[in-house]
Each structure stands twice: as C-alpha cells, then as structure tokens.
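What follows is a set of notes on a single structure, which appears directly below.
Read from first to last, the chains carry the letters A, B, C and D; within each, the first residue is number 1.
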Amino acid sequence: MIEIGRSKRAAVVYGFDDIAIVPTRRTRTPSDVNLTWSIDALSFEFPLVAAPMDSVMSPATAIEFGKLGGLGVLNLEGLWTRYEDPTELFAELAAISDPIKATRRLQAIYAEPVKGELIAARMKEIRDAGVPVAGSLSPQRTREFASIVEKAGVDFFVIRGTTVSAEHVATSEEPLNLKEFIYALDVPVIVGGCATYQAALHLMRTGAAGVLVGFGGGATKKTRNVLGVEVPMASAIADVAAARRDYLDESGGRYVHVIADGALGKSGDIAKAIACGADAAMVSTPLARATDAPGRGWHWGPEAWHPRLPRGERARFDQVGTLEEVMFGPAVTADGTMNLVGALRKSMATCGYTEVKDFQRVEVVVHN
Amino acid sequence: MIEIGRSKRAAVVYGFDDIAIVPTRRTRTPSDVNLTWSIDALSFEFPLVAAPMDSVMSPATAIEFGKLGGLGVLNLEGLWTRYEDPTELFAELAAISDPIKATRRLQAIYAEPVKGELIAARMKEIRDAGVPVAGSLSPQRTREFASIVEKAGVDFFVIRGTTVSAEHVATSEEPLNLKEFIYALDVPVIVGGCATYQAALHLMRTGAAGVLVGFGGGATKKTRNVLGVEVPMASAIADVAAARRDYLDESGGRYVHVIADGALGKSGDIAKAIACGADAAMVSTPLARATDAPGRGWHWGPEAWHPRLPRGERARFDQVGTLEEVMFGPAVTADGTMNLVGALRKSMATCGYTEVKDFQRVEVVVHN
Amino acid sequence: MIEIGRSKRAAVVYGFDDIAIVPTRRTRTPSDVNLTWSIDALSFEFPLVAAPMDSVMSPATAIEFGKLGGLGVLNLEGLWTRYEDPTELFAELAAISDPIKATRRLQAIYAEPVKGELIAARMKEIRDAGVPVAGSLSPQRTREFASIVEKAGVDFFVIRGTTVSAEHVATSEEPLNLKEFIYALDVPVIVGGCATYQAALHLMRTGAAGVLVGFGGGATKKTRNVLGVEVPMASAIADVAAARRDYLDESGGRYVHVIADGALGKSGDIAKAIACGADAAMVSTPLARATDAPGRGWHWGPEAWHPRLPRGERARFDQVGTLEEVMFGPAVTADGTMNLVGALRKSMATCGYTEVKDFQRVEVVVHN
Amino acid sequence: MIEIGRSKRAAVVYGFDDIAIVPTRRTRTPSDVNLTWSIDALSFEFPLVAAPMDSVMSPATAIEFGKLGGLGVLNLEGLWTRYEDPTELFAELAAISDPIKATRRLQAIYAEPVKGELIAARMKEIRDAGVPVAGSLSPQRTREFASIVEKAGVDFFVIRGTTVSAEHVATSEEPLNLKEFIYALDVPVIVGGCATYQAALHLMRTGAAGVLVGFGGGATKKTRNVLGVEVPMASAIADVAAARRDYLDESGGRYVHVIADGALGKSGDIAKAIACGADAAMVSTPLARATDAPGRGWHWGPEAWHPRLPRGERARFDQVGTLEEVMFGPAVTADGTMNLVGALRKSMATCGYTEVKDFQRVEVVVHN
C-alpha cells in the first residue's frame, strides 16, 4: 500500500505488460505438455474459451472452435438472436470506417429486440454439430431468457457483464439473485467479470462453476477513460486465485475455475494469465484476426453499442490466417497472434512445466 | 518520502492517469445514483462546475449550463467584459491556426481594458435567465472589481488564479487580504487553485465556501515546462481533502467544499477526482468540445494570453455534440468526452455506490 | 519482492535501458585501458563475441572478425551448412520487405537439411585462415552433429538455444545430458541462454567454459509477446554473476565466463553488461549494420524461421560502415552503433577503470 | 538502494522530468524576486551562464549576453580560435541536413589547430566591450593554453569536459594536476562536469570557485547510448549540493558554487535545478533558439565533432526570437523556451520565495 495523498492509500497493481515469466533450471519438450482442461463434466483439449462477442463467435465459428477442441460461447444478446440472418449487417458494418458513424450504426442495429426463438434455434444449431454448447446473457436480461436457454440445452450458461456482483442492489426492479438463480438452474454457470478478491469470493459462493476475471477484453482501456474503473489483469487474477484457494477451504473442496477475460491480445498474455493463477483464458482479439471471423477484420464488444454511454470502440485488425491457423499455426507472424496453443505449450515447456495447474506457480518478475 | 539525492527528499505523487477505481463486491443500478450537489444555499443536479474560460463560458452557455442543472462561471476578465460584442473576435481567433500568431493575437485582444459596466451587464443577463449566477476574478484584480460584482448580485464569487494563497506578500502594493475580504463580502466565495494540505488549510480559514484544487485545466503541463511547478491532481485532491477534514474539526463543523480544477478531460477523471476526495469538479475541456461552445473548437485559459509569459496554448478539439449531449448523452464516442453525468452515474453504480460523499471512500489502485 | 496480487509475489527486474553507469572520482586515459579477454587457452583483443546468426556471421565475416581480434561464431544450422553456396538466397531475402512473405520464405529456405560435410568444410575454411574457430548448434541437434564438429577441430563449441537447461526432461526421446556430453568433449563449451541464478549454476556444473546470459538478441521482445517469457538483461547478468562467484567457491576455483547475449544494440549496452558482471558480450545487431555483413541490412536469428512458431522477425537496419569501422571507428554516428571497442575503452576510462574485471564493480544507478 | 540482481545493488535516481516543484502556502509578487548572483568578485543580474558551445557563444553573443546581465563563456577550442573568421563555416554547416554528412564535416572543420593568438584576440574583444570575460578549455588542453588565457585577462577560467576529475591517472603523459594548477592561477576557476558527491567534493578541494554538474547539455542521452554513462540531473545536483555543504564545513567556510550544466532545455528545468540545490545554471539549448545565435538554428557541443567517437549530434531547433527576448520576453511560446528570467522570477514568486538561496529548499515531488 502506498499513499496517494494524506487522506487516501492505494495498492500498486500490475497488468500483463508489467510482468514476465522466468524459466526455471529445467526445460521440457513441448509435445510432453498436457493442456487438457476439465471443468464440470466436460474436458477440452486446451484451456481457451472463445469470447461471446459478435465479431468473433457466430454459430458457425462456435462450432468450428468446438471442433478444434475448445469452448466457444455465443452472445445470446448479439446479432444472431436479434436477426434471422445478420450476414448483410456484418458486411455493412465492415464497410464503415468512421468511428462515430460506426457507433451510431451499431446503436441502431442493436436496437432490434432479442428474440427467444432465435436463442433456441442458435443453441440447437450448435448442439446438432456435436460440440459443447454455451451461450451468454448479461445479468440484466438473464432472468428474461434463462428458461429459454435452459430448455435449449446448453453445457454452460455464461452470465457476463462489465462488472457482475453477487449482491446487486436496486430500488426500481427486483434484481437477479445470483445464488438462487444458479441453485435453481440445471446447467453449470460461468459468471463475471469481477476483479477483486472480495467480489470473486462472493461470486464463488453463488455456486458458479467458473468466474470470469476482468471487464471484457478490448474495452479495458475505454472503461478506464469513461468510468475511471480498471483493475490490471495480472493483479486481478492473482487476487481472484487467492479467493479460489480460500473458497476451496471454506467450501470443503469446491474448486471454482478462474477464467481470465481481458487484455489477452497475445499468446504471451495467455501464458501470463495462467502464471498468475488462471485455470483458463477467454480470448477474443486473436480470434477476431481469423479470416473466418464474423467481424471481417473488425472487433467489438457489447459495450461498443450501448445506446447512451458506449465504452468501447470497434477496433481494426489485420486478418492473419484461418481460425485453425490462429489456434494451431503454422504462424507466419512473430507477435503472439498465431498458434496460440503451440505458444502456450512452448512457453510451459521452456520453463520446465508440463501441467497447467503447476504452471500457475511459475516465477514471474515485474519489469517497469 | 524518497531521496532525490543526498541533500533532497521528495514525496511521490500521482495524477489521474496513474490511478484507477476498483469495484467493490456490490453493484447498483445507475438510476438509483443521487448526484445532487448542495453548496451554501444552493443545490445542483450534478457536482460539476463549468470553468470560467472564454472558450467555454459565455453568458449564453453559462445560462444553458445552469438550465441543465449545473453551475456555470463566467470569467469577468475575459472577452465578454472587455468588449461589448466579442463575437467577431472569437471567429477571428478560430481562423488562426499557427500557435505563435495565435498567442500574439490573444495578447493584443486581451490588452483591451476590463469594463465595470460590462461586468454588471453580463451578470444581470445570467440572473435574468433564472439560473445561478457566478463570476470569477483573478486575485490581482479582485479588489478593483469586487464591489461591482457584489452589487450585480451573484450567487458565487470565484477568485481563481494559477496559485492563490491566503498569505500573499508584496512590497510595492497592498496585497488582497483574503480573510478580511471574504468576511466583508455578502456572497459565498470559491477560491483557488491550491495544491497542498497547508495552502488549502489556510484558504479554508479565510471563510471560503469552496476551494479549487489544481492550477487550471489544460495549462498543467505547460506550467510544468515554464515554471517547473506541478502537483498531480490525484495526490493534490487527497491532500486537500485531508485539510477539509482537519478544518472541519478545527472550525467546529464548517464543511468547505473541495472542487477539483484541472486535468479533467475525460469522464473517468471526474470519477477519479471524487474517488480521491473531491466534492465537485470544475470542468472545461469536455465542454470546449460542444458545438455550441464559444471557442468554436478551440480551447484556452487566461494563462494563454499573458502579455510577457504565456503558460498555456490554445488547444484544438473536435466538436462532438451539443452541450446537452456532452453532459447527458447519448454519447457517440467511447473516450469519456460525452455523457459526463451518465458516466459518473454508471461509474458509481458499477462500484456499488449511490452517494457522492460515500464514493469518496471507494478503493483506488496505482498502476504505473 | 513485491506483491502482484494476494497469491503471487515477484521480484522487480531491470534491463539495460533502466540503468546507467556512474563515474567515480577518478578518470583514466582511454589508451591505458586493457580490454584483453582470456578464456580457456585463448586470448582476444577485446571481450566481444560475434553471434552465430546468418545475418552477421558467414565464414568470411567470422574470419574477418577473428583477424580484428575477436571471436566469431558460425551458426552450424544456418544457411552455410544447408547450402553449398547460399549467396543468392541472401540476395533474394534482402529483396523481400513484407514481413509475412519474408517469414514464409525463411521457413521454406531453412527447411533444407543441414549437411555434415558442409559443417566440416566451413570450420576448415575458418581454421585455414589462422583465426580462432567456433561453431554453434542448438541443443536439439548437438548430439547429431557433435562428432563432426569435434573432428573438424574447433576452439570453442557453442550450444545456444532460447533457453538451455542442464536438466532437460523429455519422454519421447533421450535428451542431451549436458554434463556427460561436455565431459566427453575435447573442446571447451560455451552454453546458453540462461537467465537466472539457478539455471546458470546448473549450467556451470556441467563443466562449461562459459555461459550465455539471455534469450538471444533481437528476439527478446518477441519472446515476451509469444511466450510471455523474459528476464531483462541487467538483472539476469547480475544474477548469473552471483552464480559464477558461488560456483567458483563450490568448485574450488573454476572460473566460468559470463557472456551477455542479448539486448546489446548500442556500445553503451556493452559497457552496462560488464558493469553488471559480464566477462564478455556476444553482439549481433551492431555487426548487422556493417556494409560487409551477410544480411545486407537485414538481421534475423534462428527464432525467425521456426516452422510453426516463429518468435522473431527480420529487422531492417541502416548500414553505417565496414565491420572494421563498426568495431574500431572512426564513428560518424553518435548512437552507439560504431567504434564499439573505442566506446568501451572510453566508458571505462571516463569512470576511472583500466581493467574489465574491475569495471564489473563500477557503480550503477536505476533511472525509471 | 535497490537490488538489480543478486550481485549488484543500485541507487534510484531522478531527472528534471521526474520531479516538480510544489508551491507553499505563501505567494509573492514576481517583481520582488531578487535574482542577483554573486560569485567571486563579480555580481550578475541573474544566475545563468551561457554555455561555451560554438552554436551559442561567439564573441558577439558573449558580449550581448554580458550586456543583458549574465556571464557568457566562449569555447577556446571552438571555431573562433581555430579560424580568423569562421562565419562562412557556420553558414556551410547550417546548410547540411544529413546527420552523417554533418558529423564528417564537423570532424574535418574542427581538425584545424587551435591558435594561441586567436584565443588572446577573442578574449580581448570581449573585455574591450566592458562585460565579464570567461573562456573554457578542455582538461586535456588546459596546460597548453592556460598561460595565454591568463595573460589575456579573464574573469573566469572554465575547465569543462564530459567528466572532469580531480584525480586523472595516465601512464603516457603527465596529467593535469588540478589542485596545483588552480592554486597557481590568478583567476577563479569553474570546473566540471561532475555528477556525484565524491567527484564534486574532490573538485571542490582543488580550490575551484564553482563546479559544473552534468555531462554537457544536449549530449546526455547520446552519452548514455555510447558510453552507458549517465547521472540524471536532479539527483546529481542534490548530491553535489550535499558536497558543497560538507566542504563548506570541512574548509571552514569556503562556499563553492554549484552550477547545473545539462538537460536545461526549458525554463522550468532551470527552476528545478535551483530547487535541487544549484546556485546557478549553465544554459545552451534555449540560447541556440535565438535568432542571433551563431548556430543558425542548429546546436552542437564539442562531443559532436570527436574525430573517432562522436557522442552527440547537431540538433535542429526553431528560432523563436532575439537573445534578449529569449532571456526577458515577451514570450510568444508557452513551452518554457522564452523569457527564461521572467519564468524563474514567476516560479519563485508563485512558490512564495524571493531569494535564490532560499528557493534551494522549496519542496519538490516525484511524479513517475
């Protein structure tokens, strides 16, 4: 804790860019690294979740991501549940470069209501492809669509907002009681973002299978500008991982997965997230660079189309290769945006680790 | 305290960019947030004061800002009290891009004397519109024009300079005795800038209703270049808030409002100012971006037209929307320059707060 | 040690850019400075080793570097041992500007197998020129080509990889046992990179004559992006120098040379490397700027042509003068890229030192 | 002291950009500020010395600077003592933009020998104008020309090099014994640069009237690149000021002036130098911006024309006004490059000080 001024103290916190992983005295062979990620009843070939953002996950790419061995999550308040066929809207948006015009158009397009029958149809489409099914809702609309989602049959129910707390207080409406909701639900819930020990601990007590750490990928910096709110990811994960450990003891053995969600633009960031204590990482930006991503080189999250207070902007990225190449290579760039799985494998092997759980203990350093 | 060298020690201080606000384990609904700001006999709908700068406040925009629910302050040594109708001068200035030519022209235009009768007329114009009336003078000229201002009937008398102290020492002239002056005056006084615990405490003892923390908005960096003087805002506010608390005790209950004045270019900065202990914020840059701002896309403060030692420059900003849109949205940018009131509301709700006074205690972190 | 978050602590580490050397109260004359570097049976006129990178070392430049008084190392897995005459390939690569096209072409060109007879021929060519002979292999292929190298007759056998550990664990293949290998070998071995006290100590115990500190020059930043792994050089060297001292005691007097390998783009960095405890420095970037460097203004390391996960890119540099001018001047630039030997001499003299070993104790400061 | 690595510790140091001056609770009127600087037998109207650099000081500008009330120092190894009339050379250099061509041409032009009779003539020219006379030599050539300088009749003899120590050790030549030299000389000596407590203390013991703190203005960053040597100015001055205090005691009352020499590009830096403990400041960059400066918009120091290892480059600056305007205004820029004297006066008054000696105690803060 340091002193900001005579009446205020503060902790010093760190983001991924502030830290680096240090090799041990041992090295391993990358092919010996085991990346299997098991959560609830399911196992995945790598600990990466594709973020529920329209520029990244469509029913088609969610299926593709599942076939590659991961968990893709569809945003159930996105274009695919507002429109029967949003393809032309994606094309239209891709042709708008001016950020203010883009924001206005996003605000208009997303004003179209979400339709329950489309939620059911999209979930069915993914399930029919034989891959794990997951959809996300904001906490504000979870109550409204939860039963439709549950009935549609999902493997994971994701509740994702800028900040989600176990204790939302409101006067004008009855807020979502997360604990009762999750208890009543028949499918495992992943919920977040959160960014502190206390907030995470309370979310863990709701019975969630996993908590998302962060405020949503690309919007981090904008949230800082607009709201003044930010918790850099390295510190946030290390705090939430402590909550996981303490809750494990308190609950007599319930292991809640810590899923980093934000600032994961490079494969090195994914390795750092695990090194800080994450069990898995929800990625978006690297996937937005795939040639088959719905965003067609553009990337945006739900905060970009808020009707009165957008807190993110569409970002433009070069497309570097197919989704499969982004995940498994071969990489033709050296900036950490391709072969995410190979890079994580190599990072762990270089530092002498073969298990993700062990790699959470690897030494890190701070480099200002 | 750290050591600069063997003969010098220094405190480490922080600006808004160095800190971020951390959510608690609770969230609230933005519409439940109460932003009412009461100072002296008046109440405002939000704790924002429009800065007395010619590029931001004209009689017309002061009235508009008042009608929106805030307190607009007119600079009584600006163009509106030097010229019967400065409209063409604003247009002329807006057409000059070269900074040196602009500085020369500003120096020439502001060489015209301030006229007492114009001070009276401008104040009357605002009063007649039925909104709170406030005008500002520099400490150097307060004595000269104070009785005119008082007679004109204002709700707040603002004394604003780069650095205003309760104890100005001069040999060639009799300096303004702030304590006697404020005691004799019939209207509440807001005075500053100040930036340290001691300076603020002494200003509070003069009987001021509020103190301004800072050295004036956009000029901060330039003041550092020219004078070497700077106190980053987060630390300055946290120090002055400590003076408020200690003076409250010392005075047996007089609560002097701490008003952040500087480096508030983004809505997130306003939230941070309160998080550091401010009761309200004096804003300028975001207002200069309004299409109806007098500066026509340019922004400057009094330090820009100093005849021999200008310590600020005009700055160019994109115009993003009407003054009402800047204050209440809908925002079409995601950079914290629109919907200032909505952003503050959202920031507090996200962190679980509904009262400004409570939000002064929200946790902040330092992120280098 | 500082706290990243509740479950993670970290050391704060420093790179060359974070530190500076401080003069003492004494100054010396540059011509009095003794730069002789003796390792194993050989002595060199300055403590600089030319890095085994194709853009820097060809048989011709290795010879030239040796004649100038230093030790040039040829990469035995580079183009010169894959192709009878790679001259046209260098020309072709120099004509490709697009980084992705360059990476694809590098991946294709380096897919050609390494040929034992070319290793033997290249080593002979250098030996016949009467200069010290050194070749490098990656740890993965050391076993395969070691006997050819040994038979070819080298003065130093360099084993160089991103991270080389004394304890490589693998399930699918029998890993290289460095200790047995080095014991069996008849020539002195220089091995690395390593970046921590523990890793270095274990490498020293293998019997190596020298250890390389770092992860390979220009690739440092990229490795951070791709793998999240980095140890800034100033701290890494200071840690490894502590291992040298402790191993000296543990071994009863075996002095293992610490050779900085990475982030040495400017002559000032070389001085800093020694100031942190290095005995010598392996340089590449400044040599890539020579008009007679094989890279023709381009510079790349082995990590740039990895078939699936490249972790470096070719970098473009202005050519500033001949290899001799780069080493001895006269310099016509003031950025630390020319007259490396003269600059080191001047740096030591300015600080009052004439011996490299003493200069390891010069005072340094941290300047964020 | 912090730990770089296991075998190396370091102090954390600060430059002018890292610190800022904090106002006290008192303010003063600028016209009450007393800037008089008395050293040895002379008094100046402000504590600023013009640096002995060819781009800044010619006989004509040294006279002009003296008439304005300051001390101008002519470089006695510059173009004015190598050439009868260097005017055309200045014009020729001003026309060369390419840095490498400029360095080559500087190296050639400065190869012309320094002539004793020109030293005498230049000093006489300045003396005849009725202003204080000062000339500088490098320590390497002080012995050679000292008697000529002394005979020419100067008020101050300046010995200035990148690093000047009281204890220079050399084998091939008899080094200058500063103590004996200064004792024998009939005029007061100002000597430097130095940057540490120990080095400064030893220079003070030689009998110097003043010590220069720094490594020479614009070359600081380049010296870091080339030699790895740097001591940021705020810390250096605070250390040397401690040596002044301790030497004052040790010598029983001899007050040696501490003159900041480097990184003083803005008026705010001059204020900071005094705030850190300097008695006066040697300025160059702001003077190079005068329309009547010899450099014609270019600025360079002796390190730029070193024949084999240049450690500085010519820098290009916009010309902003006459030398008088640079010193006294009116300023038309707000970046601290004009009205240096007015800015220092304003800075001290804003913080409540009227005496330079007292201003050395003003509070400063560190702002990373």
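Annotations for the structure displayed:
Note that in this section a contact is a pair of C-beta atoms (placed from the backbone, for glycine too) under 8 Å apart; a residue touches a chain by one contact, two chains touch by 3 or more.
Keep in mind that this is a model prediction, so the values were computed, not measured.
Traced through touching neighbours, the fewest hops from chain B to chain C number 2. Where the sister copies chain C and chain D meet, the same residue numbers recur on both sides for under half of the interface positions. The copies chain A and chain C differ by a rotation of 90 degrees on their C-alpha atoms, rounded to the nearest 5.
Between the Cα centres of chain B and chain D there is a gap of 40 Å. Touching of two or more other chains is recorded for residues 12-14, 235, 368 of chain C. Under the stated contact rule, the graph of chain-to-chain touches is a ring, a single cycle where every chain has exactly two partners. Shown are all chain pairs that touch, namely A-B, A-C, B-D, C-D. Listed in rising order, the residues of chain D touching chain B in the complex are 12-14, 16, 19-29, 31-32, 197, 234-243, 245, 266-272, 275-277, 320, 329-336, 339, 342-343, 346-347, 350-352, 363-368. Chain D contributes residues 2, 4-8, 10-15, 18, 99-100, 103-104, 107, 162-173, 175, 194-196, 198-199, 201-202, 222-232, 235, 303-304, 307-313, 368 to its touches with chain C in the complex.
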